[in-house]
Amino acid sequence: MSTAILLISSPDQKGITAAVTNFIYQNNGNIEHADQHIDSNLNIFFMRIEWSLEDFSIPPSKLKTAFKPLADKFSMDWSLHFSGEKEKMAIFVSNKYHCLYDLLHKYKQGYLRCKIPLIISNHRQTKPIADYFNIPFFYSFKNSKSKKKAEAKEISLLKKEKIDSIVLARYMQIFGKNFVDNFRNKVINIHHSFLPAFAGKNPYRQAYRRGVKIIGATSHYVTEKLDKGPIIQQGTTGISHRDSLLDLKHKGQDLEKSVLSRAVQLHLDKKILVYKNKTVVFD
Amino acid sequence: MSTAILLISSPDQKGITAAVTNFIYQNNGNIEHADQHIDSNLNIFFMRIEWSLEDFSIPPSKLKTAFKPLADKFSMDWSLHFSGEKEKMAIFVSNKYHCLYDLLHKYKQGYLRCKIPLIISNHRQTKPIADYFNIPFFYSFKNSKSKKKAEAKEISLLKKEKIDSIVLARYMQIFGKNFVDNFRNKVINIHHSFLPAFAGKNPYRQAYRRGVKIIGATSHYVTEKLDKGPIIQQGTTGISHRDSLLDLKHKGQDLEKSVLSRAVQLHLDKKILVYKNKTVVFD
Amino acid sequence: MSTAILLISSPDQKGITAAVTNFIYQNNGNIEHADQHIDSNLNIFFMRIEWSLEDFSIPPSKLKTAFKPLADKFSMDWSLHFSGEKEKMAIFVSNKYHCLYDLLHKYKQGYLRCKIPLIISNHRQTKPIADYFNIPFFYSFKNSKSKKKAEAKEISLLKKEKIDSIVLARYMQIFGKNFVDNFRNKVINIHHSFLPAFAGKNPYRQAYRRGVKIIGATSHYVTEKLDKGPIIQQGTTGISHRDSLLDLKHKGQDLEKSVLSRAVQLHLDKKILVYKNKTVVFD
Amino acid sequence: MSTAILLISSPDQKGITAAVTNFIYQNNGNIEHADQHIDSNLNIFFMRIEWSLEDFSIPPSKLKTAFKPLADKFSMDWSLHFSGEKEKMAIFVSNKYHCLYDLLHKYKQGYLRCKIPLIISNHRQTKPIADYFNIPFFYSFKNSKSKKKAEAKEISLLKKEKIDSIVLARYMQIFGKNFVDNFRNKVINIHHSFLPAFAGKNPYRQAYRRGVKIIGATSHYVTEKLDKGPIIQQGTTGISHRDSLLDLKHKGQDLEKSVLSRAVQLHLDKKILVYKNKTVVFD
C-alpha cells in the first residue's frame, strides 16, 4: 500500500507538530514514520512524516491543496511525495565503473526506489554496461571547447526525459552554473576523500602524499563551489604505510560504492532536508 | 530551563501522536525533541517526547495525573521524567578500573545527568579512587558462601540511598534473581565481547583462541540470563595475528569505556525503551 | 618484472631469518617484501618473503630444488610461488549476485591476480552474468538426493580445469568431506555475520531477533565444520532499531562484498598462512 | 628477559636484511620481531628488528660499537634501544583532562613502557591530579609576553630531568622553533580533527559548521608548521544532525584518548620511523 510523505522546514514555533499530526489523524491517516529535528541555534524546525493512504480521506490529487492552508499558517517550506511515485534518476559516469555497477545491481534488486531511464557518459565504452542492464545510453563528449554546448544538450535531454535527480557516479567533470541552477539539491556527487580534506583533483594522491592513516569518501549535493556542497554521507577506512597509491584506490572503491549508494537511497526515500549548506538526514 | 520527557510504548493505532502532541500544545508546551518508532511486525508504537516547561500550564507535580486519562485511552506503558531531576546511580566495580575512571571523569565534567552517591566494590583498593572523586565507598566482600548475604546487604544499602540505576563497570560478579527483580532494566553491564559471541568467562581469551579479526564490547541491561539482556550499545575494533592476548585486553579497554559510558548517558537521558529483550534507542 | 614468494612456517629457532635472507642475497636476489611473525606460545615461526627475479642466479624452474636443503634443515612447512603465475580460481554462486558482480568487476580491473575460467551455480539465471563477463558457466543442480553425485561431477570439472582455489560468493550450500579434503585451505567462503556469532542459517534474521546494534561479515576457509574454519577477514557496521530485517540485508551486502573481495585478494597475493584453525595475514 | 631493538632506514640495496640478520645470528641472538618496508618510489629501506639478549654474545654496552661498521657500510640512519630501558616522558596539559586521566591510568597499569617524572601545565588546578598519581608537577604560566621566557624555563627543566619525549595531552599552546628543534620527532600532539581537515583553532566548531557526518582525531609529531607534522595515528566516528557542538566534543573525547594513547604506546615501543613528513608504523 502506498504512503504519503511530507518534508517540512519552518521557523520553530509551538503547535506545528500537533497541527500536522492532527491534519493526518482527522483525515483518518495512520502515521508510519515521524521524525523531527530542531536546530535550536537557528530556531528552525524540520519534519519528515509518512502515513498510510489506506483509508485516508483526502485523495492524493487533492492533498497538496488541502495541506496548503496549514503550510501557509506556519510559513513552511515543504514538499509532498508519494511512495508509489518513482523518481526518474539519470546517472552520469566517466570510465570508472565500480559505482555504476553497484548502483545498477542495487537498482535491479529493487533497493533504489526510482526509475533509471538514462545513463550519460563521456566514454563510449560505457555503452555495453548500459546495454547489459537495459538502460538507454547517451554519449556526450566534452572538452574545454565543447563543454558549454554539450551541457546545454544534456540539460535538454534531461528535461525531455523529465529527470528528477542525477547521480554523478565518479563523473569527474565540473558542471556550469546553469546546470547546477536547473538541478539545485538534485545532483548527488561522490568525492573520494573525507571532505573537506583533499577537495579537488587526485584526492588519493593527496592523501598518499600527506601520509594520512585513514582515507574516506563523501557524497554531497553539487553546488557552484567544487566539493563544497551539503554533505549527505561519509565513510572512512584505515590504511597504513604498506598501502601504495594503487592500494588506496582499490580500498577506496568499496567506500565510494557504499557511501554513494546509501546517499542515493536516502535521497530517493525523501529522508534528506537541506539548509545552510548542511543536511538533516532522517535515516 | 527544565523540560519534561515522556517515554511511551503502546499498541499502534491511529491518532496517538496527534493526541500526545495536542496535549502538549493545548497546555502551551514547546516540543524540543520528538522521536517515534513503530515495530510493524509486532504493531507496537514507541515515542519519546521532550518539551519545555517554560509557560507550560500544568505544574510538574500535577502532570502525571493530567496525562493519565490519555495514557489509559491508548493503553500506554509510560513513564514521565524531568530534566531537572537527576537520577541516583550507583557503580559496582571489581579491580579493573578503566571504566570507573572514565565514568567518574565524565561525571565530574557534567556529561552524565545523574548523582553518584555510592561506589560498591569487592576490592578494598578501590577506596582511594572513590575518595579522590569524593564519592562514598562501600566494601562488599563476596565468595560463594557469603554471596547471598552480601547481596541482601547491598540491596538494603541501595534502597536506603534511593538508588535509581546501577552501572556494573567491569564488576564480573553474577547477581541473584532477587537483585535483578529489584532493578529490572536499571542495571547496565559492560561485556567485553561483541555479544552474542563470546558470552561468559574470559571473552578476550575466547576471541584470541578463535582467531577473530575484530573484537568488540557490548553494554546491556542485566537479566536473569548471563550476557543475554537487551543490548544498548556495541562497538568493535580490528585486530590481527600480531596482537597477543594482552594486546586484545589493552585495545578492548578503550572500546569498553566508550561503549559503557555512551550507554549510561543514553539511559540517563531517558533515550532507551525496552521491549521483547531488545531496545529502541533514540540517540 | 616477476617476483618469487616463499611462505614458510616452522618451529622457531635461531638463524632461520638469516638463513633465508642469505640464500636470497647470495643468489643475487633483491628482497621487496619480508614479513615474519612468531607465535611465542606455540613457538612457531612464520615468514613471507618476496624478492625480485631480475638478476637472480637460480632460474625459477630450479628454485624449489635449490631451496629444499635449507627447508629440510629447519623442518619447514613451505610453499613457493611466482607473481607471474596466476592461480586458477572458480566461483560458486547461488542466486544472490552482489558478491559476484563485485568480484568480476574487480577481476576485470586487474585487482585480482588470477584467472577465472569457471563459474558454477545451482541457478540457471546466473548464466547471463557469466556470459556478459565472458566466463564459462556450468549449471549444477543440487538437492538432497542429487548432492553427492553433483559434487563428484563438480570435483571432476574443477580438476579438469586445474582449478587452484574456489570462492563461495554467497553459495549457501554445504560441501561434503570429500570436496573439502580436495581443496583444503583453498575454498574461501563469506558468511554474513561476525562469526562466531550467528553461524548457520539466516544470520541476519538471528541478528535482528537478538537486537544487536552492529552486524558483520566474515570470510574464512571452509572446513568440515560449518562456519568454523580459519577466519581471514571480518567487517562490521552499525545498525539501529530503525533498521528492518530487509535493511540489515541491504546494509550487509556492502560489507560482504568488501570483506570477501579483500580475503580473495589476500589469498591470491599469497599473504595468508593457516595454522591451528587461525590465520596469519601479512597485509 | 630484555631485548634489543634496532630501527634502521637506509637507501635500499641488496643484502641489507641478510647482513643485519646474520649479525644477530652470528652473535647468538634470537629474533623475536622483524618488520621491514621499502618505499619503492623513493628507494628507501626501513627495518625494525628486535631480538633477545639472552645468550647474545655482545654485551649491551658494546653493541653500538659492534654494529657501527655494518651501519656505515649500508649508509644507515639508525638507532639502538633496549626494552629494559624506559624512556622519560613529560606530559604537557591545559585544563582539559580526559587524555591526562587516560594516559596516567594506562601508565599505572603498565601499558606504557616509560617513566613519567613530570607534568607541566598552564593551569594550577592540574596539580591535584598530578599529586593523586604521584607525579611531580610544574606550573608554567604563559601569555604572549611571557611565552618566550616560560618556554626557555620549560626546556631547561626538561633537560634537567633528562626527558626523552613529550606528550601534549590537549595542551593547546604553540611552541616556538627553539623548542621544536630540541625535541624533533619527540613531541606527540593530539589534534581533535581528522587532519588535514580542520587544522588550527576550534576544530569541532569548524566540523559542526561544515556539516560533516564523521569527526576524527589525529596524533602527530610536532613540527614548526601547526598541525602539519608526520601523522602517527587517526580515528573517526560517525555523527548526525542530532549532535550539537557539545555532543561533538563529548564523542570526540573518546577518540582523542584512544588515538593519543595508541600513538604514545607505539612511540615508546619504538615502532615508528619518520621520513619525508610521513611515518612508517610497525604495529
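Lettered A, B, C and D in written order, each chain numbered from 1.
Everything below uses one rule, namely that a residue touches a chain if its C-beta (ideal position, glycine included) is under 8 Å from a C-beta of that chain, and two chains touch if they have at least 3 such contacts.
Quick caveat, the model's predicted, so the values are computed rather than measured.
For the pair chain C and chain D, chains touching both partners: A, B. With respect to chain C, maximal separation of chain centres occurs for B (centres as means of Cα atoms).
C-beta contact counts were set side by side for B-C and B-D; B-C has more. Here the CA centre of chain B is 42 Å from the CA centre of chain C.
One finds 36 Å separating the Cα centroids of chain B and chain D. Counting partner chains per residue, chain D has residues 40, 242, 283 touching two or more of them.
If the chains shown are joined wherever they touch, the resulting network links each chain directly to all the rest. Across the complex, chain B meets chain C through its residues 37, 40, 194-198, 210-214, 216, 230-236, 240-242, 244, 276-281, 283. By the touch criterion given at the top, residues 14-15, 17-19, 21-22, 24-26, 28-36, 38, 40, 238 of chain C touch chain D in their complex. Taken together, the chain D residues at the contact with chain B in this complex read 97-98, 101-102, 105, 109, 111, 132, 242, 250, 254, 257-258, 261, 265, 283.
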